[in-house]
Structures are given as structure tokens and as C-alpha cells.
Amino acid sequence: MSARLTRRFEALARAGRAGLVTFVTAGDPDYETGLEIVRALPQAGADVIELGMPFTDPMADGPAIQEAGCRALDAGMTLARVLDLAAAFRAGDADTPVVLMGYINPILAMGLETFTARAAAAGVDGLIVVDMPPEEDAPLRRAASAQGLHLIRLATPTTDDDRLVRVLDGASGFLYYVSVAGVTGSKSAAGADIDAAVARLRRQTDLPIAVGFGIRTAEQAGAVARSADAAVVGSAIVNVVKAHLGRPDLVDAVSRFVADLSAGVRAARKEHS
Amino acid sequence: MTDAPANSFTQGPDERGHFADYGGRYVAETLMPLILEVERAYEAATRDPAFQAEFDDLLTHYVGRPSPLYFAERLTEHLGGAKIYFKRDEVNFTGAHKINNVVGQILLARRMGKTRIIAETGAGQHGVATATVAARFGLSCTVFMGAVDMARQRSNVHRMTLLGADIRPVHSGNATLKDAMNEALRHWVAEVDDTFYVIGTVAGPHPYPAMVRDFQSVIGREVREQILDREGRLPDSLVACIGGGSNAMGLFHPFLDEPTVRCRAVEAAGRGVDTGEHAASLTRGRPGVLHGNKTYLLQDADGQIIEPYSISAGLDYPGVGPEHAWLRDQGRVEYVHATDQAALDAFQLCARTEGILPALEPAHALAHVAEWAPTLPADHLMVMNLCGRGDKDMDTVVEALGLTAGEAKR
Amino acid sequence: MTDAPANSFTQGPDERGHFADYGGRYVAETLMPLILEVERAYEAATRDPAFQAEFDDLLTHYVGRPSPLYFAERLTEHLGGAKIYFKRDEVNFTGAHKINNVVGQILLARRMGKTRIIAETGAGQHGVATATVAARFGLSCTVFMGAVDMARQRSNVHRMTLLGADIRPVHSGNATLKDAMNEALRHWVAEVDDTFYVIGTVAGPHPYPAMVRDFQSVIGREVREQILDREGRLPDSLVACIGGGSNAMGLFHPFLDEPTVRCRAVEAAGRGVDTGEHAASLTRGRPGVLHGNKTYLLQDADGQIIEPYSISAGLDYPGVGPEHAWLRDQGRVEYVHATDQAALDAFQLCARTEGILPALEPAHALAHVAEWAPTLPADHLMVMNLCGRGDKDMDTVVEALGLTAGEAKR
Amino acid sequence: MSARLTRRFEALARAGRAGLVTFVTAGDPDYETGLEIVRALPQAGADVIELGMPFTDPMADGPAIQEAGCRALDAGMTLARVLDLAAAFRAGDADTPVVLMGYINPILAMGLETFTARAAAAGVDGLIVVDMPPEEDAPLRRAASAQGLHLIRLATPTTDDDRLVRVLDGASGFLYYVSVAGVTGSKSAAGADIDAAVARLRRQTDLPIAVGFGIRTAEQAGAVARSADAAVVGSAIVNVVKAHLGRPDLVDAVSRFVADLSAGVRAARKEHS
């Protein structure tokens, strides 16, 4: 298994702070700009990079990420180009874990073996495939683990304890907790609910727990970062991309926003303790 | 299907909802618990005679089943070949086969204690049926419909509005059925607690494809009884149009293990299957995953879904139910296609010979009947599913034919 | 009726087509021979089992009869009184009871060797049914329709056009049903040789009122059988709307000699029977002669016909079938009325409680049910004729209710 | 029975010519003008006057007479006013027979007895009620004959010999032969057909035979006048009224047209003999 993810979460644990997982759609608004954005993320404070693989029918995403996917597709992105982008990033950054997030159909179109092999070669560390619940993901899991890629499982408020056993069986890398029932970009969960959910998950797993969905501000990220091992921010970053489309300060704006989030995450446990 | 008797086509899917490699439950984790709950509830319902009795009672007294099996005498004479029967599901209350399935699912939703109903719709027939049965049981109802479909099936939009449904126009993609289904799934994820999603065809995550097929199989069971009564034997062939595939599955399923019964499903070829503007997923698609199931999809080399095209809103979908994908690979059902133009010609043929205005969806089936029947002997019994009435398509057809409605003839 | 048993309400009319003083054959001499020929042909047909068999076969396989008798459970609960059943003639092929009669008359026209069919239409339901069955038998078909009705029942105009009918807009008078009937009669006079006039209601010269009633009585006969089957006894009351009166006669006739069965027919009160803008001929009319028969008519002191008004095109007629005139005088049937507004309210009530969109015509019947049922005990069995579906009225209702259709909700 | 009709047809027979029956709608375009038109008719050559009683729903009439009825009704005509107009005419002309033509409903509204009594008092000689076939006209016949009014029956191309017996049974005044199956103002029948029809009728009745429907010109009237006892012209006259609406020469125009028709009728048998 790719060691970057594990190392990164261990390092965060040692540092006594949660990580910031930043999601952007690969190639939004185009390949070059998308690559610049991703390259700037670690510097801005991202601990893990989630790269969205654009898909025409992202049924678990809200408008922000839907539109980001459309921009990327319109600009000519394909799954192969997503892997190119990941490889280009990896060429300049050996440490920051990269997780691809998306839907299964483009992966099937490339072929599970080809895709996982090329992803591994590109320096990708893990995969999140939204429409692949544990009931269906065995072939992908086999292909991924053959290439040392983590297949990251998701838990949600609807995942009860019984089901959690199933979700955790075969989970790897970290556990992604979707904190609200809804699509990406929905409104955020209450801090107390998140604390309770994370506590429940910790009773059943030692995997690091990243919490996402609906985190929009440094404060919200900070609130999550108190109990979770990482806060995932997606739509809010993508919205910054959208707000700066065609402007020369796009990459800077994203970096500034990520730096702000990162500050929120880093400050979280300090404030509290 | 792996563990079904090798010679049976009616035992699927397996317990994981797979028809060989097709089908399954490719949904976000948030939905999985609910999907599993639907599956358990449906299984319990099928074992409960009270559920079946209530379903039958509503089909009889509310929907008006059985629908007639009608010998299309003048069409048969006109085409000069096989003896053609129409299964008249257009005579059902609300005008299409869609309501058979909706009655079943809404009874299930009630059993599960759900108070809100959501649905996607293309032609509006499924939306109307859902709004209808939801109103019948006092359940709140939200229907997702592509903005393009809303324009071309305006009368159905009115009907849903008057039935008290909340209609949510969908503007993403081509603003047609696929996009409505995306939006319905997104909405469902956020409302899992009190909401039941009534899917309108034999697609979506397991148990939907099997459940919808079971509810629709009343069509084929009736045909079986009716044709034995009328002709003393089984039909030689069955023909149905195929969007998602529910009317076709409903007709075919009770006959799949009868090797003498040929089944043909007709896809929408739009402007032609080689033009790129069509909705013929089995003819021109490749297996993939969309909307919770693995099946044949119209997609590009990169696995991006290709926007389909058909004059018929109900066939304008880039996928097809997974059981059809499997039946195609098995060679048990033949999948053919008909263009917009052929469907319009068949529409007129039907109007002029039988006085029946079919929906544009079954007009595709009829287009194939018009092609196939003349090549067959007079003792060949063919049953076509006339699964919807054309009222909803009047504007589209009048425009496509360049006709002037009566009032302009002064 | 003079020579019918004194205690029977089902033996009329007499051999001259009179129901006491009503009915008759008040037509121009040119038409008389043809009218007499129709009468002879109809009498021969009623004695011919082959005719009845063909009629029954088409009703079963083409029209989809029997139509369901449906217990309107939620409406019954909502109103809190009589137990309400709907006779669902809206589920018939083409969407109303009108086709029952059209099938009968067109079979008769064929027996008589006629090759051209003409009809008048108001709501367009009779016109659609006629265009349909004419197409089914390859007969040429011309439909006369008031220009105002063409505008408010546009979807039916489209349907007739697509069925190949020649639609003749009528601009005289109020350009509604009465005027269409005038024009059809004028046309018939000039085409007596090859043309059969299919009248859409229990009006016109004898034998039409009796003939149309007979063809429509399938409704009441089915109700009788169905209610005995469901409840083990006859209904306590029957309710139907009344334009010309064919759906009401069809429902009532098989029960008229059952003294325990109360019959109520509901006229269109438009903006109110005291406003002068209504179509309540039995409530506010006087006996007179129009369209070939003597009956109650809306007329002024000088005997000039008063233009009727109703939101419902099918009730917008200044007369009523002569048998109703007679039943009114006999007191056997009670004639009540409902306003546009009451009908619209009932339309919505039906949509929201039962998921059924009634035509505006039966919405008038329902308006009366909503008034009457709550005053009756729970063991009172009431059957209402839901004789047409609302599809044709979507534009009118959406506009009248000031609703915004779904697509405007973006 | 009113003797005027009989006398007039006898006089015509003696003169060896057919008569001209002119139809106008009473009170078209208004009472005063209508009366002037009618008063001018005998002078112009009309031998019998047919006065249309306007009705809202004249189902045996074509557009010309429909519109004439609408004009009259719009101008306030009623059945009572039709009788007033007849009486006013009669006050100045003791000889020209007047026949009322129309539909039964306004007559029923006035009451059969009242109507026939008032018609007789107004100097009316006969009645043609289009929607009263022999099968229905008994009550009207009784009331009419009690007042000495002829109830004039109609025969048509569809009236076969059997039926003719019925039509003639109780016929009085003259027999009105509707020469084409159609509404008023339809196209005219061929001369030969009319000759044959008249010959057929004569075999069964001694009543004078007036032939109408579709006669538009002096020539057509003349052709009818060769065999029939009278030619009836209606729509063509009413069309002249319509063409001169609001013009001072309306009455003159009608008179000129009637004079022309009359010349055609008077010349008919001369030419031939």
C-alpha cells in the first residue's frame, strides 16, 4: 500500500493537529490552471489533495462540483488527463498524498487494471469512488490493492453500527465520514453531531477519520478539526475557482482561501486545549 | 443469475441484485441503508398476501385492469402478414403502463411508513402516475423533470400541477430524463428519512429493476391468459418499445421461459443510429454504470455519458434496465430500433387504420411491427404493447407532421 | 309513453318517438325519409344478435369495458356521509362515455351502407370518439365544432385532426355546441345519400334519444352488476351531470323502475341560474322544439333560443334530451345544478383526495355529490358517473384557478 | 280556408302562367324597411309573399337567410311584430296572399291557438313550418284550419311515392317542392329534374305546386315556371337586401330584382309555346 497517506496521518497525529484535505476538480477550469492550483495547495496548507475526476453525471454532487466538472470536461479533460495531472503534480511533490475522487463509469471505460496501474504510476495514493458501496467494490478493491492504492470507504449519518462493520471491512487509508445526508455543498452538520459521530466511529476503527461535506469556512473546518483527523473542504474551494474564472489572481485566491482554512484547522485544538 | 437454473430466463437477479454482471447497487453510501431497507420491505411485501390483494384491488378498480387485448384487424390487413394484437395499456387510468408500477411502489412506501414521494419523469407519464397515486393516498409528491421535457410534454405538467405535485424543473445536461433522475437521486440522498423514491422503469439500484419488472409483469400475465382465451395458444412474438425497459420487461417476463415466443424490443434510433443523435443504448452502447446499476450505456471512449436524443421523451435515455442488458447478451431478446420518422409514420398508420393515437414511445414498437409483420405468415400471432396513449404528444406530432390543426382550416 | 305500463319509466318512447309530449321528429322533410330509415335500421339491429355481439365485442376489446366501479374511499371520508362510488367511464378509450354510443351508431351506419360520418361536438369528446371509430372502420368523417369550443378544447381538435377527421369550425351563434348541431343538421340535409349523422347525446329526432340511451345504458347495467357484486344490493342514489343527458340516461335507465334508487342529474349553473349565464335548461327552461325534438329549452318569451353559458363545453347547451324532460315532469329524476365555481372546487377536491382529474362535466356532478353526500347516512350507497377525464380541460382549469404550471416555478 | 291563395293560383292558371313566390325575412333589416320592401313586392311582380319569421336557430337555412334572421332579431323583431307587419301589409293589399314561413318554437312560445288566431286576424293565408313534418304537425294543423289558414306541406327529392301519400294527406293551399336536398341558398336543381319531379307530383295531387330552393336568376325562375305553378325565390332576394344595407335604394333594388324575376316567370311558357 502506498505509504504516503499513512505517513501523513501519522505525522499529523504527532503534530497533535488535524489535517486539511482539499478537494478540487482536476482540470477546472482547464488543465494548466488546474495543475497550477493543485501545485499551490501544499504550500497553502493542504495536507492531503483530493482530485476530482470529472464525470458528466455526478449524482452525489451539488451544483458547485457539478459545474466544476462541466468546466473541466468542456476544457477537454478526460480520465487519462486527470492521471497526467496527478503525475505532473507528483513530479514536483513527493510527499503530499493524492487521492482521486469520482464515479466508477470512466474508470470502467479505461479498465480497472489499466486505471489502477496508471494511477499508481502517476503517484496517486488512494481512490474514493462515490457510487461504489462495499457491496460492489470488490473488483475495484482487488485491482487497487494490487497496485498499492488505498480504496477509501465512506461512512454517513445513515450508516448504522451494523453496517459500519461492513463498511470498515476492507477499508484502507482513512475513513471518509460524510457528515450530512446530502450531496456535496449541502449545509453543514452541527459541531456536536460531528464530535459524537467521530467518537462512534473511533469505537470501531483505528483508521484516521476525515470529515467532509458542507465545510465552508475556517471556523467550520476548525470545529471539525477538534475531533476528526482531517477536515475535507471541497465545494467551498471550487466556489473560489468559479468566482475568479478568467482572472489572473485565480490561483492566488484559491491559495489564500486554503491558507485561511489551514489556519482554522491548525488553530482548532490549540484554542480548545 | 449465476445460480438460476441454466435454462431459465426468469429467475434473476441474484441476491445481490445482479443479472450476471449487470444490475447491482451502485449508489452513494448515504443511500445504501435505505436501498437495503427497500429491498427487505419489498421482499416482505411479496410474501404478504394482503399486499398482493391490495395491489390487485387497486389495479382492478383504480387503474381499470385488465387492459384489453385487441385484434388490430385493419392494421393486420393493411400490413398483410402476421396477425397483430395490441395489448392496450394506453387505456389504463392516466394513459400508460407506468401506473402499474407506481401503485406497487406507493403501497410499498406506505408499508414503510414513508410520507413523501419523489419521482423522475421523462414523458411525464410516470410523473403523472406518481402524482396521481400519491394524491390518492394523501402523500406529498415531488417530481423531477427536465426542462426540455416539460416543454414538450406540457399537458402532463399541467396534470401533475393539478394533482398537487411539486414539479422541479431540471436544467442540467440536456434537461431530459437522465438529468431528472440525477436530480431525484441527489434529492433523495438529502431526504432519506421520510422519502420514498418511486423509480419509473426497470433501472436504478437493486431492488428496483426486479421490483418494477414484477409490478409490470401483470401486462404479460394478462396477455398470456387473454391470448390463450382468444387463440388457444401462446403468441409467436412480442414487440415492445424500450426506454428504460419497463413495459417491455412487463410484457416479456412471463414468456421468457417459453422458447417459442420471440421477443423484440425497439429502441429509439432518433435521427438514425449512425448519426450520433439517438437513444439506442443496446444497439450502440457499452456496459457501464449509471444511476445505480451496471448496464449498456451511451458513452464516449472516456466513459462520459453521451446525451441521448429521441423525439419521444420517454425513450430519450442513455441507458436501459440491467435485465435487458443481460437478455441481450443471452440472445433471448432481440433489440432492434426505429427512427423518429418511422415512429411518426407508424403513429399515422395506427391513427388511420385503427383509430388509436399511440404515444410516441409505442409508436416506435409499431414502426418495427410495420416492418416485421409483413415478412411473417398469416398464422403468426404477434402481440405489441401499446403501452401509452398519444394525448401527451399531440403538440409534438402536429408540429413534426407540419399539420394544421382543425381550427386553422377555416 | 302513453301506452306504457303506468308504473314503468323504462318503456318509452312510443312508436312515434314521443315521451308523452316530448321528443318526436321535428325535422325538415328532406331528412324525414332518412330519419325513418335510421329508425327502421336501428329496430332491425336491436333484433339482430350479430349486431349486439359486434357491439359488445368492440366495447370489450376496443373501448376497454367494463369500466371500473371504484369506491372513492378518501372522498367518502372527507365528505363524511354517503358511501361514494365512481363509475369510471373516464377510463374508457378516448376518455369519456361518448364512445359507447359512437360504436353503436357507427356499426349501424355500416349496416345501412353509409360511407360518410358526420358529428357535432362540444367538448370534443364526442368528436374524438366519432373520428376514432370512423377511422377504425375506414369511414370518412366530418366534425362540426363551435369556434369557441375549438379554442377551449384544443387538445381534442389536435386529436381529431390526427385521426384524419375534417373539422368544420362553426362561427354562428355563440360558436358552441348548439351551433355545431345546427350546422351538422344543415350539412346532413345536403348529403342524405351516403351520410350518417352520429348524434352525441340523447337528443335530436327520434330514434336518436332512445337509441343513444340504449347504447349508453351499458353504463347502468354494469353498475348494477358491479354494485350487487360489491355491496350485495342496489345503490340508494345515482348522480350524473347533464348536458344533453346521455351519460345520465345511460346510468339511470336500468334503475328507473327501481323505486328505491334516487336519481339526480346536475345541470351547469354557469355563473348562477339567476345570472342569465348558465346552461340549466330543466331548471330555467320551458318546453319547446329545437334540433328535432321537443324538450326543455333556454328561450326567451318570444321562443328565441337563449345562448347558454358554462365553463364546461360539454354542458354548454340550451336543451336537454326529451326523456329527461319527461322524467322531470314525472318527478322520477331530480334535476339540480352546480356553478362553474362549484365544479372547479369539486375538480380540485377530486384531484387531491382521489388523484383523479375529472372532466369539467362530471366535476359538476361531483359538486353536487359534495353537497348532498354529507347530509346522508354512512350506509347510503351513492354512485356518481365519472363520465370523462379532465385532460381536455387542463388549459381551462389551470387558467381558471390562476395556477402556474410547474415549469413556471423555476 | 283563406280563399286568397286558391283564388290567386286559379287566376294564374287562367292566365296560363306560373306565379312568382317571393321570400323575405320579416323585418330585415328592420321593421320599417322590411314593411316597405313587402309593400313593394306585388307591384314588382310578386304573386305570393312568403314572410320569414326570424328564429335564432334556423336549421334548414343557409347563410343568407340565417343572416337575414339575425339582422331582423337584432333590430328587435319578434313573432308578434311579424304579425304586425303582415297586418300592416294586408291593410294596403287585400289580394296578395301572404304565407308565413319559419320554425315551430316561436309559434309554440306564443301558443298555437293564439298564434293562428292572430295570424288569421292579420290577414295571413298560410303557414310553412319547416321543422314540422306531417308526423308532428297535427296540433298545428288543427289550430290553423280552425282559423282558415292553409298549412302548406313540403315535398323534397327524398320524398318517395309512398311518403308522398302521407305528405299530401292533409296538405292544403299548395304543395311546396324543395327541389334540392340542402338548405336554402344551395345550388339549384337541373331544369329537367324539376320537370320530372313536378310531373311526378302532379300524378298524385291537384294542389298547385310551387318549386323553390336555389333559384337565383330570372332564367332559373323561368325554367321552373315552365312546369311548376309557381317559382319560389328566397335567398337571392335576401342577398339583394344584404348588398344594399344602409343604402337609400334598398327597396328599389329589391323591387328591380323581383321585377326581373317576374319577367322571367311571365316569359317562361310563352317562349316555349
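Observations
All chains are identified by letter, namely A, B, C and D, in their written order; residue positions are counted from 1 within each chain.
In this text, a contact is a pair of C-beta atoms (placed from the backbone, for glycine too) under 8 Å apart; a residue touches a chain by one contact, two chains touch by 3 or more.
Chains and their UniProt names: A, D = Tryptophan synthase alpha chain; B, C = Tryptophan synthase beta chain.
Just so it is clear, the structure is predicted and the values come from calculations on it, not from any experiment.
If you average the Cα atoms of chain B and of chain C, the two centres end up 35 Å apart. Per-chain Cα centroids separate chain B from chain D by 67 Å. As a whole-number value, the distance joining the C-alpha centres of chain A and chain D reads 97 Å. Annotation for chain C: no residues touch 2 or more other chains.
Shown here, the protein chains touch in a chain-like sequence that does not close on itself. Every pair of chains meeting the contact definition is listed here: A-B, B-C, C-D.
Those residues of chain D that touch chain C in the shared complex are 55-62, 66, 73, 78-80, 103-110, 130-133, 135-136, 153-160, 163, 167, 178, 180-183, 186. Those residues of chain B that touch chain A in the shared complex are 16, 24-34, 172-173, 178, 182, 185-186, 189-193, 286-292, 297, 299, 301-305. Touching chain C in their complex are the following residues of chain B: 60-64, 67-71, 74, 88, 90-93, 95, 131-138, 143, 145, 147, 150-151, 154-155, 157-169, 171, 347-348, 351-357, 390-391, 394-395, 397-398, 401, 403-407, 409-410.
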